[in-house]
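Following this line, the structures themselves.
Two complexes follow with subunit A in common, the first pairing it with subunit B and the second with subunit C.
Our next item is the complex of A and B:
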């Protein structure tokens, strides 16, 4: 009696309809369309022509595609390696109650307020080898001619640097909030046991931040698959293909070369890699059964 | 207490039941009303303004590039056309790099512009093949004075399959070697006549800490200019014609390998300085370096002359902006008078639009009109009009105008920029590989191997 009454009160399938419809129209249908387009030749004009698996065969011969996957992974790794320790340190520091920390943190968070395009354009101007900061300060980091974005190796590091500058504040915010959640009693008992600040960090703070590290890493890794506009504006994938990540390769094939069929192959590839990566992360990190780490609290 | 624990929300549920039904009915009605209102609004808007018609009559859309030089001229021409025409023209401008994508997407949709800017050749051909461009043949045969006014070598680039699909809208744009007279005078040098002269100059300017040739290498089309000229100097215009004709093995021609090698050697020798791959053209970085005397020479299209006049007025007024032809190659097979560049830019009319007639009339009436041609000349351009040099006398830019006119007039071959002549996908491969070649990431042989596969 009660259960049936409850069931009557529970939202029916109809309630899920708007969301499901949205997902169908903007999620499933485009993916299906892209899979179809990957089997055609189409330049955006006229009607797509069915060519079977030709585009997929072309993928095997496209050295740039493999290269761009490698660049994507390298950039992800670089960003993760720089961002995680940096934002954790700033976040834990900013979690302290001191007034000066609050003021400085506010300044650190400023990049969060800027749009990606604005950040990329500002850095593009700063990295100009003749008229930017790169001209004046390049010598200090061993690049007297300011050639940051034009050198194949430095270009990738520069891109990683700009992306880091943009996203560290966001991850700092996550770490700051998480650190403030750690109960004081843990630190008090650690202090009673004779643990100094450094020991407290490694024995209390770090274990308590485990889930935060995972969450922040997931965001970095998944986000890195979509780094696009910063790179487009900073280097356009260049010089040559030195900073051409997979999304940019897809864009160049589709919207510069107007080979929509082959660009769709790359889009499907991107969907597959993204799905694979998120399944992998969820499985290996135990993200899906994340629980409290605070024994007895 | 117990009851509450088991059914904590029961009372609230029961009460909400009655109100909920009523509220739901109201919500549903409100949503339905909003939906209907929105639909009505949309239909009303559509009925009032079907595409191409704004309040107060029909409007045809003109798309062009954002460009301080030509934009005001086109706008003025539209304003004067609009005074007498019932169908008004409206100009929308886009940034160079974004324009091609914007155009491609819109040309595949029903919202294509009625008149669109293009580069002719491989840039225009896909739209013609897709049946999206109206031929101007009829309008031109009705107006023979217009048809015969333009230089045929320039009209040719917008002629596809024997039909005319575009008319030149601005000046001819050969690639010119600019040099800074002040820098040359300071180090007692003369502008180069041969490739060997250029090599000597490169070494000389390097020792003085001056960039011999400024190259905005973040944009590979500026590197392409060197290859275009060198291939013509080494092997003549036929070598590229073969490639443009679809013969992919023509990339393997020894002349191509030699031209690529010359490009790479020049870069390795330090001809472009060490940081050319970070220099940009669109932010005027390269033009400023040249005007400030940090670079001695600049290989760029004829538009750089007006660009310097507008962006570097002090340098321009100082009279130190020198210009000359690309050096000759003593053992080359090409004619030293050959030139490369953009014959012109074009306006084409969309096929099947409701404003095709008005758009065509605008082009026919405007592009060879005295007012239009005169404003092109006074902005420092050489319009693709026969005998236009008669208008140069008295112009402050007469020297440059005559130089450009003679250059184009005496050239046995005017090769169109390769990235405009080839299909977009091949052009994109070409530019990527060219950047790698200039950075010595790949050898000339690897370059031609990659290009042969591109399609």
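Our next item is the complex of A and C:
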């Protein structure tokens, strides 16, 4: 009798079904479909024609594909290495109680008001070597001619910089919010034990932020596959193929070259890389077994 | 004593020489605060540098948006403008930016509402349901976190054409919603897990079924999480470029990002006009931010802070 009462009180399948169906149609079915499409020839208009593994064989002859995977991983690593320490430092600093920090955090937040397209286009104008900020201030960072996006060696770094500019405010907010939640008692006991300031950061703040670091890193790594929208507007993969990341390579093959079959091969690679990276992070950090780090408090 | 502005004042007010500090005003964090202040000055200097990097471009956006086009070409980007003009704003509005703004707002609002309506019942079922299938859906969303929306744009293009939705705002709304679902459900599930079991039992004792429990307990308690996912899914829809780019084409369905891009492509040298359009595109988000500033940090803390 208790079990039937219990069942009546618990939400049934119907509660979970709408979201699940929705995600099935627009998330899971497309993954199956993209695997199927990778085995066809399709120009985006007619009916896909089955051609077996031909597209996959073509992958071996596509030097740009390998190059774009390398660029993608390089950009991901670059963005993670710049964004994580920067947003952690600013976030921990901004979590302090002083009034000027409140004002500064509000200012730091401002880039979040601009959309991806707005930010990319603003920086495109700012990095213009003739009329933009690059013309005035390029010399300060060792680029007197102000040519940032047109130079094959500087383009990727410049793209990473624009992406950092866009996303650091968001990650800063996450770190700030998480730092504020660290119980004061931990700092008090650390101070009683004679832990100096730097020591307090490494033995209290950093361990307490562990899950936040992981969550923020997952967002950066998985998010880095979406940086392609910024790159599309900033450089369109250029100069040459210097900033052509894998999603952009896929977009160009599929929606510019109308070779949807081959583009699907690249899409499958994208799914595999995205899943692999997240599983790697989750497994190595034990995020899936995540419990509270504040046991006993 | 004067160095510590926030906490120091109250201590100073009560401190008399020789007298023990009153208990109620002894902030336990006082020694810590001194440490923190000293520890963080390096971060403070870096913050100042970062502040310049953040503010300078924004200053330029604003200043350029009120500069005349010829002045931009002769004065460059940095100088204070000599003659102010609002003509850039008028020009961009005449080019249809009002309509693009409207389209983007529709896409964002509908995505937020759909995500909330789908994700909260699902998260409720995942936290309180007993069925294996339900916990299976949670694994699906965890997996879905890793799927980049770009990777499935080709089949989504196919599905949208088959549903005869190509070149409609709905074509943008549906996939944007779907790809906000995994993160939203993960965030909401962690919010709902914090509701104490006793509250559910109290509802049960009162004879409430799942529907009343949902309306009276789950919805109110999920508020911080709901704010988080509203921000998250709203920005997702508002910022998205690839879905509108691939799934729409006519000008009457154009959303802001594409409007900006198109403007830059057609009138590449009209940087002041572009900057005016950028400022216009940021205004709705600014209004929302001022409106919901206090909830934002609380929501983020609920979503990612643990």
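Assume the second predicted complex is superposed on the first by the 296 of 297 C-alpha atoms of A that agree within 3 Å, B and C clash if a C-alpha of one lies under 4 Å from a C-alpha of the other, contacts with A are read in each partner's own complex, and residues count from 1 in each chain.
Throughout what follows, a residue touches a chain if its C-beta (ideal position, glycine included) is under 8 Å from a C-beta of that chain, and two chains touch if they have at least 3 such contacts.
These figures come from a predicted structure and were not determined experimentally.
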- prompt: Touch check for A:256: first (subunit B), second (subunit C), both, or neither?
  reply: first
- request: Determine, under the contact definition given at the top, whether A:110 touches first (subunit B), second (subunit C), both, or neither.
  value: second
Message: By the touch definition at the top of the document, which applies to A:149: first (subunit B), second (subunit C), both, or neither?
response: first
Message: Going by the contact rule set out at the top, does A:167 touch subunit B (first), subunit C (second), both, or neither?
response: neither
Message: Residues of subunit A touched by subunit B versus by subunit C: which partner has the larger set?
response: C
Message: Touch test for A:44: subunit B only (first), subunit C only (second), both, or neither?
response: both
Message: On the A-aligned overlay, A:184 touches which partner chain: subunit B = first, subunit C = second, or both, or neither?
response: second
- prompt: Which partner does A:131 reach: the first (subunit B), the second (subunit C), both, or neither?
  reply: both
Field: Touched partner set for A:216, first subunit B, second subunit C, both or neither
entry: second
Query: In the superposed view, which residues of subunit A touch subunit B and also subunit C?
result: 9, 44, 125, 128, 131, 255
- prompt: Considering the complex alone, what residue numbers of subunit A touch subunit C?
  reply: 6-13, 15-16, 18-20, 22-31, 33-34, 37, 44, 86, 89-90, 92-94, 96-99, 104, 107-118, 121-126, 128, 131-133, 135-136, 165, 168-169, 173-174, 176-178, 180-181, 184, 187-188, 191, 196-198, 200-201, 211-212, 215-216, 218, 222, 225-226, 228-229, 232-233, 247, 250-251, 254-255, 260, 263-264, 267-268, 270-271, 274-275, 277-279, 292
- prompt: Where on subunit C does subunit A make contact in their complex?
  reply: 5-7, 28-29, 31-33, 35-40, 43-44, 46-47, 50-51, 53-58, 60-61, 64, 72-73, 76-78, 118-119, 121-122, 124-126, 128-131, 133-134, 137, 140-141, 143-159, 174-175, 177-179, 181-182, 185, 200, 203-204, 208-210, 213-214, 235, 238-242, 246, 256-258, 260-261, 264, 271, 274-275, 278, 281-282, 285-286, 289, 296-297, 300-301, 304-306
- request: Give every residue of subunit A touching subunit B within the complex, in rising order.
  value: 2, 9, 43-46, 61, 64, 125, 127-131, 134, 145-152, 235-241, 252-253, 255-259
Statement: Per the touch rule, the subunit B residues reaching subunit A in their complex are 7, 13, 100-101, 104-105, 107-108, 126-127, 130-132, 217-218, 220, 273-280, 283, 285, 288-289, 294, 424-425, 427-429, 432-433, 435-436, 439, 441, 453
